[in-house]
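To keep things simple, chains are lettered A, B, C, D and E as they appear, and every chain counts its residues starting from 1.
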Amino acid sequence: MAVRANPRLIDELELYGAEDVQKCYHCGNCSAVCPFSREPFLFPRKSMRYLQMGLEERLAGTLEPWLCYYCGECSEQCPREAEPGETMMSIRRWLTAQYDVTGLSKLFYRSWRAELAAVLLVALLTGAGFLLFGLKYGGGSLGVYAGPGAFLPASSVHVFDWILGGTLAALLAANCARMWWLTTGRDRRVRVPLLDYVTRAFLVPLHFVTQKRYRECESKRPWAVHFALVASYLTMLVLIMLFLESLHAAPANRLAHAFGYLATAGLLGTTLYALRGRWRRATPLHRHSHETDWVFLVLLVYVAATGILQHALYRWFGLDTAANVVYIAHLMGAVPMLAVEVPFSKWSHLAYRPLAMYFADLHERALARAASPAGAQSVPAAA
Amino acid sequence: MNGDKLKIALYWGAACGGCDVAVLDTDEFVLELAAEADILFWPIAVDGKYEDIRALPDGALDATLFSGAVRNAENEDVAHLLREKSQVLIALGSCSAFGGIPGLANAVTREEILERVYLDNPSIELGNRTVPRTRVPVNGTELELPAFYPRVWRLSDVVDVDYLVPGCPPAPERVQEVLAALVSGTLPPRGAVVGAAEKALCEECRRRKADKRVARFVRPWEIVPDPESCLLEQGLPCAGPATRGGCGARCPDINQACRGCYGPPPGVQDQGATLVGAWASVIEAKTVEEAETAFAGLPDVLGIAHRFTLPASLLQRSCR
Amino acid sequence: MAFEPRIVGFLCNWCSYTGADLAGTSRIKYPPNVRVIRTMCSARIRPSFVLKALAEGADGVLICGCHPGDCHYSEGNYKTLRRQVLLKRLVAGYGIEPERVRLEWVSASEGQRFAEVVADMTERIRRLGPSRVEMLPSTRRAG
Amino acid sequence: MSVAASQRVGVFLILDDGERPPARGGPPGLDLIRSYSSQLPEVVRVSTLPATPRPDPLALASAIRRDTLEAVVLAGANPGALKPAFTRAMDLAGADPARVRLARFRRGDGSDRATEAAQAAVACAVLGVPYHLATIRETRAVHAGTLVIGGGVAGIQAALEIADAGQRVVLVEKTGTLGGHMAMFDKTFPTLDCAACILTPKMVAVGQHEMIEVMTLSEVIGVDGTPGNYRVEIRNRARRVDPAACVACHACMEVCPTIVPSEFDAGIATRKAIFMPFPQAVPNAYLIDAASCVYVQTEGQRCGACVKKCAKQAIDLDAEDEVVLRDVGNIIVATGYEPFPAEQVERYGFRRYPNVLTALEFERLTNASGPTGGRIVMKTKRFNKRRKVEEWVCDPEGPQPASVAIIHCVGSRDRNHNPYCSRVCCMYSLKFAHLVREKLPDARCYEFYIDMRAFGKGYEEFFERIKEEGVAVVRGRSAKVIEKDGRMVVRGEDILGDRMLEYPVDMVLLSVGLQPSPGSADLAALLGIGRDEHGFFRELEYNADPTGTERGGIFVAGVCQGPKDIPDTVAQAAAVAARALRSVVSGIERDSSGGLTAAQVESRARELATQLAAL
Amino acid sequence: MSRPPLPRIGVFVCNCGTNIARTVDCEEIACAAMEWPGVVVARAYKYMCSDPGQEMIAEEVREKRLDRVVVAACSPRMHEPTFRRALASSGLNPYLLEMANIREQCSWVHDDPRAATDKALALARAAVARVVRHEPLEKRFVPMNPATLVLGGGIAGMTAALQLADAGQPVTIVERADRLGGNVARIDLTAPHLDSARELLLGRLARVSMHPMISVLLRAELEQLEGYQGNFTADVAVEGASRRLEIGSVVVCTGYKEFDAARVEGLGYGRLPDVITSFELELMLKRGRIEMADGRTPRTVALVHCVGSRSEEYHGYCSRVCCMTALKYGHEVKSALPGAAVVDLYIDMHAFGKGCEDFYRKTAEIKTLFLMYGKNAPPVIRPAGPKDDCNLLITLDEKLSGEEIEVPADLVVLMVGMEPREDAGRVAQLVNISRDKDGWFIESHPKLDPVATTTDGIYIAGACQSPKDIPDSVAQARAAAARILAKVAKGKIEVDAIFAEVDAARCSGCRICGTMCPYGAIEYDEEQKSSRVVEASCKACGCCAAACPSLAVRARHFTDEQIFAQIEGVL
């Protein structure tokens, strides 16, 4: 059965940032340049082809975009300036929207106004909520930051963290399930035995933590930066989810604090580096910025900065009131950042990417198994 | 005998006798000839011995018409004899002029011929190894046979010849013309080819001719030729283009490709090579394979192209 | 004395003769056994020329023309090729080894090739030995 | 096709790509064009439109209706792009859709000349008169001679065409011989006939032609005058060998101590400082490369061995350059091209791996008269005793490659290098593949291509033939040449086969594109002719006059105008010869290359409009 | 073979410094030559080509009353013109010279002095034997009629005519249709610069119509052409009446016709009303109405390349202009219908001309969807179903994605290729030129001579030679004009002294030579029943002479006698 082409999908993808994909004339240079491009996952050219032709179903089912780390070599060498790297990035955004079960992602990606509104709305709600909570159920006084009578007791915030975390995790899990369905579950060419799912599952945490594939790119620096960012982020996440009290508690838990400082520094450093890069359009990766990229980075910087500021105000200067105000401001950044970015936007790639590695591995095994009797390969096409 | 009458002789060397028949085919003219000339010697028609001729003084004969090629010592001896005794020596017919059909023997060696005819022939009695020799003792006497030469010669190879009358056989009308000229003393200066045209056969061939293109050569039995158009164009290896005219295009008139019996046209040295050049020029092959296919209808090129002129070819197989 | 073959070369003016000249300007050495006769096109070569050369005592005849499709006169070399096929058969009829008559394509840039062809042909003819043909005698009495 | 005289015309000035509509005023050139347009009596409206976004025909239709326009003129750098929109708009507005006319011009830097030409173009379009018709200028041709710059196949052809007509030609060639790049080639596609067989007779004909004055080692350094009457200043660099005396015996070469890479052999072989570019060079004489000659470099202090060796005393090492003047009527520019420098595409490893060769190098390698006698060999390492270094050389006895990859579009169709298509590479690459398969029947041969541009007569058939010969044609530009386990590996995507290829190969041939000769910028400035964005000389009009230039009496032919193959080059060269001959035969230079004021053109156009209406 | 009276031959052997003398004993040759029949002087000298060398030859010619000269030196390709000039300057016919190439083909290629000298002796002997049979030859001239007949009034024909007429030469354009302009008149804009074809044509048309040197015959056809270059007589039928024209040259610019798209079954042309050809789209563009058959505006327009071209079944060749034309349509459709999507189905994108790759990129930038199909696997077009939001569905095996896809379209434009006009065969026969297997006229040589044909005086230009775009046609038309102008400028046609001639007294009219000549220089005289060589058209290859079985054709300067003598000489 022939697949229906849709010459207009390219217009839709343009909203996700694929502004140059139409220029591609399929010389195959990008795929050959890319160290990750090998059978059965040939990209970026083929993904660009699906996009150009509007083969929506095929495109939604591809794992390839997640296998790309956007080192930018392909874009650098593209003879038509079709920006294959950026196109892959755009497809990832589009895929994020496809995986999202709520449809919010689509809204955010297609309209930066909607995303901004959502962020602001959640921020206001958060601010108002915590203010109300602090006044009504918390310490009631902005003058107390920590300890008994604290305006926002760590334990309460911790509970909120867990509720928020749980909700977001559930949403993300639903998206991941959809991702599985689109890429693997419905693909009849790929038959994955259950055992494989179990035995290869270790790949998810492995890639999640190490992003080791990223290191295979020719330039190692982006990986280092990304690794630092993710490590900081995860550290912070662990600290907040598990040791929130320790951060607040006096006397200070030196270990938690030390990690906290490190993570904050890491977050600030890497995000500022990224912002600077995007501002200067220094590398191919940073040459094109979708609106959502700015939102994500700005929020991260903001959250990291407010986080460390409230800490500093309280710990170093003993300014409890100011610390509380900044804390609320911090939460007004952190909550929308998580609520919007984790399931619906850029953050989600932290989940999708390792999953994609995992699925890709399953695909490869399944295909190899299907083709195993005939092994020989790489004979010239017309020989 | 009337002293005014011409004295002529006719002789045949290695020949089939067709030329003599051609002389006879001049019908009543033979009688006129006989009225004008004394035929002193003509093995097929007149009684006469070599000794009679030998007895004549040199130059006693006004003319001799010598048909047939020189194949053996006897042919050569008589040729010398007649040359001495004749004022005018005319080579009558293609055998005499160019070697003719007997001349095809030059494609092989004498040994091969003897082998084939006397030793290796299926009709030979088993064990019989008799091969002719020049001297054979029979019952105490020695019989002498004329020596069988290693190759066939044209008459002009052994003696000076004054005129050539080509044709196998020459057309009777042409023979008559020559004889009439002889009688009336109007033969052209010596050395000429007489009884033939000055152009190639195509000149008198009545067929319609176009610019030549031949897809492939065919054997005569392969096609029924169109009676109007050029036979060569139809793929038959017609020798007409490289053959002297004069016969009146007798063969093409009966849907038969010219076999080349009148020999090469004026100036042409080697009829066979010339025919090869002409025939090979008109096919359209671009590779050796294509050419081989196109030439499949020419199985024996030498024999076909040099059917009557092999002893006159520029090139001769070594007899050593 | 060792047998030195005598070979007559017929070379077309535009490709092969120029190629032979190039062998010279490039100082490529080859045996001196070929004597060259220049014609405007290889298609000028009448089969009689070849017979004549053989009859005059040549041990071999080399004909060189432009590569197929390359003829200065668009198709002359094809005509040469056609004649060559029939000519070789004719020559064989005389009891002469057909290898003594050779057709080669040599372009104007193939000086090296010309030298190789000459060397190869000389060697082959040397191995064949002298040509065993006789010239058409003007009369038998002479011999 | 009659043209109605007076109509209500609307002029739409279309801005250049990326240009924003000026809030007020605008660039001076544009303003002058606008004011000029609006004062034309036929013009009822002048508006300015950006090139993008595309105007909506419906909106245009209402604008046309509003002003009851009967004809529309689109003016700008690329007005045709909007023509269909306007045609439709005219139809929608109930006007005659055929009355959309184009005035194409380059505003450029807004110089007076450009503005004047733009105004003239608008005037012609408003009046419905073809621009190139109204701008024809006739001047008397004073000199019959023609200067041909460049001695490649284009220059040779043009010179011969003119000289065969009995007219005088001065042919100026920068190098020491005629022939250009074509002389270096082995075979030419698609007929595979040998380049030398075609070219050398023509070179000889030029060299011996009594009507052609050949100046090798020469350059044009000054041009002065008007069409039909140019005075040209030519610098003849000293050859230092008298070509009339030299018998090309090569005794001098044997004693010359200097060895340098041979340009003619594209660097895969060497030559001496006194050398003959190639055996069939015209003039067929040696010359001295001053840059590498010991004598010249030491100002006569050392060497000079060749002088003593020359029995004909043809060598004068102290000869000096001279400058000569020639008066000509026409100038033909046929300066050809230079191959794209392959080292610019680092990933193909040219110069890093010895057996990555450019097209020209391979041409020499496979050429029967090349350094290996046409044997395709891999470069082998050899110790150079003189210079005491290891070198990679083409040894005629060297090993032959078992697999060869040919990479198309090196430096072409690439925004990072030359964005244009070089037009000949596909076909010569196929030719290479054929030669490889023919000479090395056991070798594998891969072609990596993007689009197979086999467009000419017999080309497509040639492509089919190559495929049948067992060449693996891979649709996909190979991205890089890498080294794996001591072997070169070519990596590329086989798009049609849906797989990634990594072929180990012994030799890589880079099908480099063509780019303008190094001196073309200076020459263009000297001659006062334009160049396009890629540096090729700009033709006057793409369709109507593909060989004329902005300056009358100066024509371009061959690759210097844009990449093209030999048949197209020869046709073009003959075409320019026709232009030159036309003025020689009639004594009149006639061209539409400008030089008239807008007012002159306008009044001519008005005259013509009435004549055209009468047709 | 009658021998001419004993000639007086001078033999001059060049040492070429040591180039020859090093391996060849030049003195020995000179001594030996003195013994050869006819040789009255034989000398060796250092440099024969030098001024003193040439002077020596001239002096000997005068003093010894030489009537033949042999120079044994370098290749005749190098110095034959030099020595011919030397002969001419001493009052001898230059063709009474023969050179023996004892440098390039002797001293430079052999090491053994004895063998080299022997070979040089043989070559010199052959030259002497040959030169005996040389005869003085003169270049001849035939008059050149400056008038030209241009067959076909398309862009190529008009360009050629104008080029000639502007040079002041009379031209007659014979056009079959009732208007000039040809196929260019059918198009609106030209690729890649989107210039107006109308303006281009109007300019040409105006100049042609107003030019005093051009006469245009519309609704006219060539009926017969006789004569040879410089001197043709053409019979032209103009609206029934026959007119006779005396002309010197003919430029054939008969152009092409478009491929009949209905022949490709699967495309549905003729069956599906919204499948149209490129020329039909041109008409729509000219009218400003791109509409479907029912009057609606298409939302998606598909362009199918290579219809009838690059296929095993129809034409194997590429039609060269369709790719760029399709790209042009991409732009035009997007301009006229900004909301429409354009789908472009191609095999390889032939954007090779100047500015074309750039145009291709721009077309891609405006989001034209390019789909690649395989050669010999053309797309199939069928009507869409009621549920589809389109009119037609195109199925194809898309090569760049490897997917079997279907593309929705409302209007499909078939880029029909070019093919020879149906009367091309007749024209070829009339003017005696050949056609290739596809039916295009064959040029004399694709590189040496792309506009001349094998018949001198007949030129071809434009798409009748093979598919071509406008600039290439224009260049070709001008190139053809250049050839004619060159001859007109001289006023006469020089016939080289070396050519073939037929001895009518020997010719039997077998017509074997008829097919030998690639230049149509051999004519058959029906009345005389003999062939004849048109000297003005002969290029002296000698092929006919080799084929002639009657030795009636004689190749001057390469006669049988000369070559036979040379063969005897070298052996």
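As a working rule, contacts are C-beta pairs under 8 Å (C-beta built on N, C-alpha and C of every residue); 3 or more make two chains touch, one makes a residue touch a chain.
Keep in mind that this is a model prediction, so the values were computed, not measured.
> Enter the minimum step count from chain B to chain C; a value of 1 means the two chains touch.
The fewest steps needed to get from chain B to chain C is 1.
> By the touch rule set out at the top, what is the minimum number of steps from chain C to chain D?
Steps on the shortest route: 1.
> Measuring centre to centre with C-alpha atoms, which chain is farthest from chain C?
Using the mean of the C-alpha atoms as each chain's centre, the farthest one from chain C is A.
> C-E versus A-E: which has more C-beta pairs touching?
C-E
> Relative to chain E, which chain has the most distant C-alpha mean position?
Most distant chain from chain E: A.
> By Cα centroids, which chain is closest to the centre of the whole protein?
E
> Using CA atom averages as chain centres, what separation in Å is found between chain A and chain D?
So the centroids are 51 Å from each other.
> How many angstrom lie between the CA centroids of chain A and chain B, rounded to a whole number?
About 106 Å, centre to centre.
> Can you check how far apart chain D and chain E are, centre to centre, with Cα atoms defining each centre and the answer in Å?
About 22 Å, centre to centre.
> Counting only residues that touch at least two other chains, what does the list for chain C look like?
Those would be 18, 25, 27, 46, 48, 52, 72, 79, 83.
> Quick one: which residues in chain D touch 2 or more of the other chains?
Where chain D meets two or more other chains at a single residue, that happens at 191, 193, 413, 419, 451, 475, 495-496, 498.
> Hey, what residues on chain A touch two or more of the other chains?
25-26, 46, 80
> Per the touch rule above, enumerate the chain pairs that touch, sorted by label.
A-D, A-E, B-C, B-E, C-D, C-E, D-E
> Can you check the complex and tell me which residues of chain C touch chain B?
Residue positions touching the partner: 46-48, 50-52, 54-55, 68, 78-79, 81-87, 89-90, 92-96, 132-141.
> Would you mind writing out the residues of chain A in touch with chain E in their complex?
Touching chain E from chain A are residues 1-8, 10-11, 22-26, 46, 49-50, 52-55, 58, 80.
> Contact residues on chain E for chain B in the complex?
These residues of chain E touch chain B: 505-512, 514-516, 524, 529, 543, 546-551.
> Which chain D residues qualify as touching chain A in the complex?
That would be residues 347, 409, 413-417, 419, 444, 446, 450-451, 467, 470-480, 491-503 of chain D.
> For the complex, give me every residue of chain E touching chain C.
75-78, 101, 103-106, 108-112, 115-116, 118-119, 122-123, 126, 444-445, 454, 498, 516, 518, 539-543, 545-547, 555, 558, 560, 563-564, 566-568, 570-571
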